[in-house]
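Before we start, here is the structure in question, set down as structure tokens.
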Amino acid sequence: MTFPTINLLAIAPQIILVVAACITLLLDLVVQNKRSLGWFSLGSVLTALAALIFLRPATPEFQPGAVGSNMALADGLSWIAGAAILIAVGLAILVSIDHVADFTRRIGAYYALLLLAAVGMLAMVTASDFMTIFLGLEIFSLALYILVGYYHSDLRSGEAALKYFLLGAFASGFFLYGIALIYGATGQTNLAAITMSIAPLSSNLPFAPLLPIGMGLLLVGFGFKVALVPFHMWTPDVYQGAPTTVTAFMSVAVKTAAFTALIRVLASVTTFSRPWLLVLAVMAALTMTWGNLAALRQTSVKRMLAYSSIAHAGYILTGVAAGTERGAQAALYYLVVYTFMTFGAFGVVLAAQRRDQNDLTTSQIAGLASRQPFLAVLMSIFMFALIGIPPLAGFFGKLYVFGAAVDAGLTWLAVIGVINSGIAAFYYLRITVSMYMDAPEAAAEGSGSIAARNTSALVLTALVVAAAGTVILGLWQQPLVNGIAQAVVALLP
Amino acid sequence: MSDYAWLMLLFPAIGLVVISFFGTRLSKGIVGWLASLMVALSFLVAVAVFVQMLGLPVEARGQRVPLWSWMTAGDFHADAALLIDQLSIIMALVVTGVGFLIHVYSIGYMHDDPRFPRFFAYMNLFILMMLVLVLADNYLMLYVGWEGVGLSSYLLIGFWYEKPAAANAGMKAFLVNRVGDLGLLLAIMIIWTSLGTLQFNEVFQRAETLWAVGGTFAVATTLLMLLGATGKSAQIPLFVWLPDAMEGPTPVSALIHAATMVTAGVYLIARSGVLYALAPVSASLAAVIGAATALFAATIALTQVDLKRILAYSTISQLGFMFMAVGVGAYSAGIFHLVTHAFFKALLFLGAGSVMHALDGELDIRKMGNLRAKMPTTNWTFLIGAAALAGIPLFSGFFSKDEILYYDYLYQPLLWLVGTITAFLTAVYAFRAYFMPFWGTERVKKRWDHAHESPRIMTIPLIILAVGAVVVGLIGIPFASWIEPWLEPVFATAHEIKHAEEAAGSDMTKTVLLAIAAIIALSGAFVAYRAFLVSTEWPKRVRASLGGFGTLVENKYRVDELYNAAVVAPLLGLARWFAGPMDQRTIDGAVNGLAGLTGSLGERVRRLQVGQVGIYALSMLFGAVAILIWLAVQ
Amino acid sequence: MVLFIIFSLIAVVAAIGVVVSRKPIYSALFLLLNFATLAALYIMLEAQFLAAVQIIVYAGAIVVLILFVIMLIGGGELHDIRDQSLPLAKRFTWPRIMGLVLFVLLVGTLAYSLITGALNPVQGDATAFGQGSIQAIGSVLYTDYLLPFELMSVLLLVGMIGAVVLARPPD
Amino acid sequence: MNPDIPILSIILFLPLLGALVLLLLPSEKLQKWWTLGVTVATFLASCLLIVWWQEGYAGMQFIERYDWVALFNIQYLLGVDGLSVWLVLLTTFMTMLVIVFSWEGIAKNLKGYLFLILLLETGMIGVFVALDLVLFYIFWELSLVPMYFLIGIWGGPKRVYAAVKFFIFTMVASALMLVGILMLYRQGGTFDLLELQKMSLSPNLQVWLFLAFGLAFAVKVPLFPFHTWLPDAHVQAPTGGSVILAGILLKMGTYGFLRFCLTMFPDATRQFVPWIAALAVIGIIYGGLVALTQRDVKSLVAYSSVAHLGFVVLGLFALNSQGIAGASLQMVNHGLSTGALFLLVGMLYNRRHTRNLDEFGGLWKVMPVFGFLFLIVAFSSAGLPGLNGFVGEFNILLGAFRSNPVFAVIGTVGIVVGAWYLLRAIREMLQGPLTKPENMALSDLNKREVLTLVPIIILIVVIGLFPNLFLSKINPSADAVAAELENRPAVTLMIDK
Amino acid sequence: MVPTEYYLILAAVLFSIGALGVVFRRNVLIIFMCVEMMLNAVNLTFVALAHHFMDLNGQIFVLVAVAVAAAEVAVGLAILMKVIRGKDTTNVQDINLLKG
């Protein structure tokens, strides 16, 4: 009996974060200044990021290959997705430092859960076996169920957690069943092994008809996590009910993790005739349409952004549904970009909402431009990036995903997509209208709490980072695009 | 001569620019004389060109003066260039000569107007544009002048823009002209599309070889051109603007709406003689239109009581004569009448202006009378003008009108008949317009008491024009015409084409017709004398016997009303329908409706989000089952 | 085969019991029955260790925990009050009818897929399978499945933190 | 003649850099002068294009080409030819004047206003110089944002509605163009316009692509019946915004038709000629008639733009040298004359705070200079020969006549209508008795305002008298486009003998 | 020897019943139990397949699933307690502050 050699370096970020999470829990018992917990967590995230960068694909230390009996894989894909996740969690911690005390006293556990959620996500994106994928998924899901319910004084937070949990568990059932059926179809749970087993001839499979069924069930699970119609229903409720810091984090990182895993799974069955791609395409169309339509008449900015994130899941899925190399590249690019812009948008909500509230209505941001012009400018950047106005990165995301769709012969999907972008422009614009063109609501002005409040410098820093990402990834995207290209090339056999 | 001909254009242009930009800072005297001087210089250049041309052999008289390369697009090209030939120099002489006199007259007439400089700027603009029109070397440049005079006409009619009537009249003039211009523009397009050039001589050469007589292109082109000509020359159907144009200052009426601009249509047809020769239908139509207009306008002129309006309808009628001339191919006769008409009609208008000047702007001839006592110079000059208009023998109008009637007779005696009847009517209304103000008794005493002869600066141009109205006829006296051979080279090609169908007239016919014309004119004058001075009851009886028709004529056949009801009102109605039901409600309504629909769809979708876990799970289950069924049947 | 039919019938009945029971406590007991039946089936499938785990974790821990919660929050209020007071017809609102339809479709689809394809007998390594013994499972769990094992520990850590954070009343 | 400097990039990014520096400037005075300086410098730089112009060359000049996103073959590819160079100059020229106009009267947040105008300038220039489809699309969309804010923040009472309508309407319409661009990429593997023009696409595909691109352009132009955003946007926008909107932004649509539809989809273009030309002439008549009923001067000018741009489109779809060259020149002409009209209306509005025709009358008496300038501009707009409008309209109609006389005839009727509404505006605004006491106290234009307008007036006259100065640069390129499109040899002589 | 398909079909039926329960019932606890039942059905599938393939992979997966179920129960019941404390109801129809 021999122990497997595990390439610990390749999962170094995860290890760092787990250790840091434990230490944070311990420190929570002894440290009085809870802000330092935040700084510590942030430090650990940066360390993990540094480790990731140290292991970047260009260096010899980076060995794309199996980690522990093919359970996980550190490759270009996981590197890019991991970086996006770490950036998201880092930003989330950064904006939390000044705000976490608004909604909880259990600050140590809060940071620990954030870190562990990130661990789960990293595990998911590095996973190369359904088992690790499932475990990663469950880790971050559990952590998020808890984090969603973290706003102690808001009943809606608990309600959101309950809904998220019940439906999440329901979806996990489907997900797991899907894995089981794929296992039944192929006799394998390892992605590489599945690729091998279906490569020669599909008739060789133990139970070929189960593969599409299994994939379909799997899609239910993925669809739930990334909020695809019709598995998206929880999203607005949960995003609205969760503390805004958590919303900001989960709205971006979960999508990155789940989409990356989805891409990996799809890539592993690439040689099989793939009827599910059409399912994905239809879901993409439904998702963006539904998300955009439902967002049109929202009065809560958070809820609106939640629907917006649903719509963006549809766009990303468009790239995935193309089922091509370009599609995967596009989806990855979009994910990275989406991380910055959506995080930024929620971050502005956080900065603009009242300290004693966990929500922001559109009337509350009326006249924001005159009170906090810089914040308004940032929000405008995020809004226009989400609309897809060039040269912001959001535009290129759309360009690439729709390009991939057109390339794959899904022109109809691209058409639906661009029409959706137009519909979406309406509600994003409404935010800018409120900020720049509406007079501040008397009540909001009267309460004074918004006008008087200064945005936390840390939040602003995070927002500036997000805005910079949104702008720079549009103008100077060569490094990212090249990295993505390599990652995707390595992915496909 | 071609090396300095462009100076003709330069001087009024200088006047225009200087007065536009510095006019308000200069004294009135300087402005007025500067403007007049510029026209005078232009006139002198024209004279110089003319004199030089006289010395040249016939073949060398027509010359192109290229100025600059104007417009090129693909294989289309048009130069800014002048064509100096026998026809254009005659026109230029008339324009600058009469124009100069009217400028001088205006110094006196407009003396008290606060916008004195602006008036002269407009006048110089007009002279410039008119010269461009008549000197143009190609149709496009002619079009520039064509619309340019339209602009100055618009500005000058609406010179007293505070008066709504004047402002409206200006607008009407421009728009009605634009309708005509549309025809000219389309004609130009056909010419270029078909012949590949717009330069006059090239067009005529190519048309002669490429177009069939009576062919589609020739007919279409000339008909459209005819539309343009009727607009500018106030013929049926587009004459309605000219009577209203009398709202402008009287010198303007004299210069633009009598002497020069309105004759542009005649000039155009004469210039395009070759094309009309190729399209006999259009030419005949022009003649018919001319005849109809002449008679029609003459009847209206008989019934009008506003002195300037009488003259206006008279102008329309006389232009009808010119159309009759050019329509039947008697281009020289048309141009001859154009020249004589320029003198006597300008004279009449200036005389009318002088009367107005004396009577504080009074224009109703029923309120005038016995002015000869107060205004001797005006009286005599007006009489000469009226005589020339009426075609009293030995006055210029007699020769030119007779020339036209002669050719019409040759072409179609019916035309001659209409022309002769019109000539009779002309004599009647011309002398009516003379007798009623200047003879008889002073009908409004107070006005009469104030009346006075106009200052010298106004009477001298009157005198010069009166002399002109008498002597200018000499250039075309029957059997010894100078102008006909002079212009012949210009119209030679056209005549050649027409030659086959032309019936030759004899000297005998001509003499007889001459006699008839003389009798007609004199009897017309006599009738006027009897009817309007001696037995004033008589016209009333005639009027009564005419009944409804008389009312119709008095109301100018209600053409304005007809046009309003048939064209303007429906268009405005359509515009309102477009703006309201169509644009705001249908199109924009569709746009907003689509947005609203999307919004309400969003609202419905939003409502589906009921907030209940069971429903959410149901939705998921639904999705799962749908996916599975689809994948299972694959 | 007889055993399978018996157990499967019990399992299905128990499952239906969970769904239709009036009170949560009945549901919980039916659930217990269901879990136990499954454990029996595991044994039939040579998964002795898992059968034990099934009894210990599911029956022993999970169901007990659920019962505990039911007791804690008071049994009387826990049934679907509205449901029970309504006449039968009104209980079947459109979501429920829809749910039933979907249920039928789901069963149909899954069964159809499972029946249409023939499951090829693929003979694995029976020795390594070791009849689902603790030893066989343990040896792979700590070698090949070390990473998932560690991740499981992280998962449980998260669960632990969550339970502590959430269940403790706000201070 | 062309020194080796990236002149197009300089023109393109000068305003953007200026805008960024502007953000740092403290006082309003400094901001104004700085912005003016930047726009003047940009204008002068764009004049270098003319100085260094290679005469008689039909292709692209001053080409700059760099890889941008190599993986997707997106290039930074700039270039101008005779069809676009005047639009670049028009942009820099009008922007400069707008800054002069905006010297006074911007009540709030002047810095933001100037910033947005500079940003807009970069966007608009970019549209005219970009030769890579993605780059083009970027600038195309980018120009929406500043205009949206200009309307939405500094606009009239219904500004939010107008701004959002403008944004959504044009954005939705151009969305399909993005799909079209992507389909082209799928065919050709490049976004390089020059490469794509050489490619022959299947007629069926061309039709779809034409529709995708055409919709975007049709809305931007705007072609009937996609025009309803325009009156709202124009009326509500601040004067500077209206000037840029009418003067330049609308040209993006016609330019798009010319640069993309005509050159890349020749077969489809020929197929669509009757439809587009029909819409164009409907627009001419319809826009004119609706303008006739408007009481708001700005609204009147806005609808007149519908009519005028109808002419431009009619010219483009004549598919011959005259039509295309005329349309290209007419774009500039319309920019000048309509821009000037909006400036004049804006100057009046600044004094009187209304634009309703009923409120005016007899203004010529108190504002002679205003009246004089308005007159010239109005007649330029009405296509009076000797002024710029005529040159463009004539060539357009000539070209249209050559390809389909029916449309040309209807278009010519539009000239009459065009004169009608403008004269009516003059009649009701400048002429008539001066009755309203508020109007009697109006002051005439001041020196700055005259200075804003005089350059336009000069150009109006110069283009009218010496159009070949401009056409000589347009013609080679227009001929080249026309030659590609003419499936039959050019017919100049039609003989019926 | 019972064919593996029988087990799989049994599991499918159990899974479906669980899913039905989730959408059918309004009591949070019962919904929760139904979810657990679904997971168990999957476990049965795994075990059956593992037996069919003679492959321990499936069994390990069941172990993972059990761990996940345990953790979920802990977290889920904790969330449930929190909500019930706030709202005093277990009927999911009453838990709808968030909607629209």
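By letter and in written order, the chains are A, B, C, D and E; residue numbering begins at 1 in each of them.
The criterion applied here is as follows: contacts are C-beta pairs under 8 Å (C-beta built on N, C-alpha and C of every residue); 3 or more make two chains touch, one makes a residue touch a chain.
Here the structure is a predicted model, which is why all the values come from computation and not from measurement.
S.K.: Among the other chains, which touch chain A and chain B together?
M.R.: Of all the chains present, those in contact with both chain A and chain B are C, D, E.
S.K.: Among all the other chains, which ones are in touch with both chain D and chain E?
M.R.: Correct list: A, B.
S.K.: Using C-alpha centres only, name the chain that sits farthest from chain E.
M.R.: Result for max centroid distance from chain E is chain B.
S.K.: By raw count of C-beta pairs in contact, what's the busiest chain pair here?
M.R.: Most contacting pair of chains: C-E.
S.K.: Averaging each chain's C-alpha atoms to get its centre, pick out the one most distant from chain A.
M.R.: So the farthest one, by centre of C-alpha atoms, is B.
S.K.: Closest chain to the overall C-alpha centroid, by per-chain C-alpha centroid: which is it?
M.R.: Looking at where each chain's C-alpha mean falls, the closest to the middle is D.
S.K.: So how far apart, in whole Å, are chain C and chain E when each is placed at the average of its C-alpha atoms?
M.R.: A distance of 5 Å separates the two centres.
S.K.: In whole angstrom, how far does the Cα centroid of chain B sit from the Cα centroid of chain C?
M.R.: Chain centroid spacing, chain B to chain C, equals 101 Å.
S.K.: Averaged over CA atoms, how far is the centre of chain B from the centre of chain D? Could you give it in whole Å?
M.R.: So the centre of chain B lies 36 Å away from the centre of chain D.
S.K.: Could you state the distance in Å from the CA-based centre of chain A to that of chain D?
M.R.: Comparing mean C-alpha positions, chain D is 43 Å from chain A.
S.K.: Going through chain D residue by residue, note those that touch at least 2 other chains and give them in order.
M.R.: 168
S.K.: Do you know which chain C residues sit against two or more other chains?
M.R.: Within chain C, residues 95, 98-99, 102, 106, 109-110, 113-114, 119, 122, 124, 145, 148, 152, 155, 158-159, 162, 165-166 contact more than one other chain.
S.K.: Quick check on chain A: which residues sit in contact with 2+ other chains?
M.R.: Those would be 131, 135, 138, 142, 145-146, 149, 162-163, 166, 170, 184, 187, 206, 209, 213, 236-237, 298, 423, 426.
S.K.: How do the chains pair up in terms of touching? List each pair.
M.R.: A-B, A-C, A-D, A-E, B-C, B-D, B-E, C-E
S.K.: Mind listing the chain D positions that touch chain B in their complex?
M.R.: Residue positions touching the partner: 165, 168-169, 225, 227-229, 286, 289-290, 292-294, 320-322, 325-326, 362, 364-365, 372, 379, 384-386, 390-391, 394-395, 397-399, 401-402, 405, 408-409, 412-413, 415-416, 419-420, 423-424, 426-427, 430-434, 465-468, 471-472, 474-475, 478-479, 482, 490, 492-497.
S.K.: Which part of chain C faces chain A closely enough to touch in the complex?
M.R.: 109-110, 113-114, 116-120, 122, 124, 139, 142-148, 151-152, 154-155, 157-159, 161-162, 164-166, 170-171
S.K.: Enumerate the contact residues on chain E facing chain C in the complex.
M.R.: Chain E reaches chain C through residues 2-10, 12-21, 23-27, 29-30, 32-34, 36-37, 40, 43-44, 47-48, 50-56, 59-60, 62-64, 66-75, 77-82, 84-85, 88-91, 93.
S.K.: Which of the residues in chain A end up touching chain C in this complex?
M.R.: 1-4, 6, 11, 18, 21-22, 25, 67-69, 71-72, 105-106, 109, 112-113, 116, 119-120, 123, 129, 131-132, 135-136, 138-139, 142-143, 145-146, 149-150, 152, 184, 187, 205-210, 213
S.K.: Looking at the complex, which residues from chain A come into contact with chain B?
M.R.: Residues in contact with chain B: 162-163, 166-167, 170-171, 174, 209, 212-213, 215-217, 219-220, 223-224, 229-231, 233-234, 236-237, 275-276, 279, 283, 290, 292-298, 423, 426.
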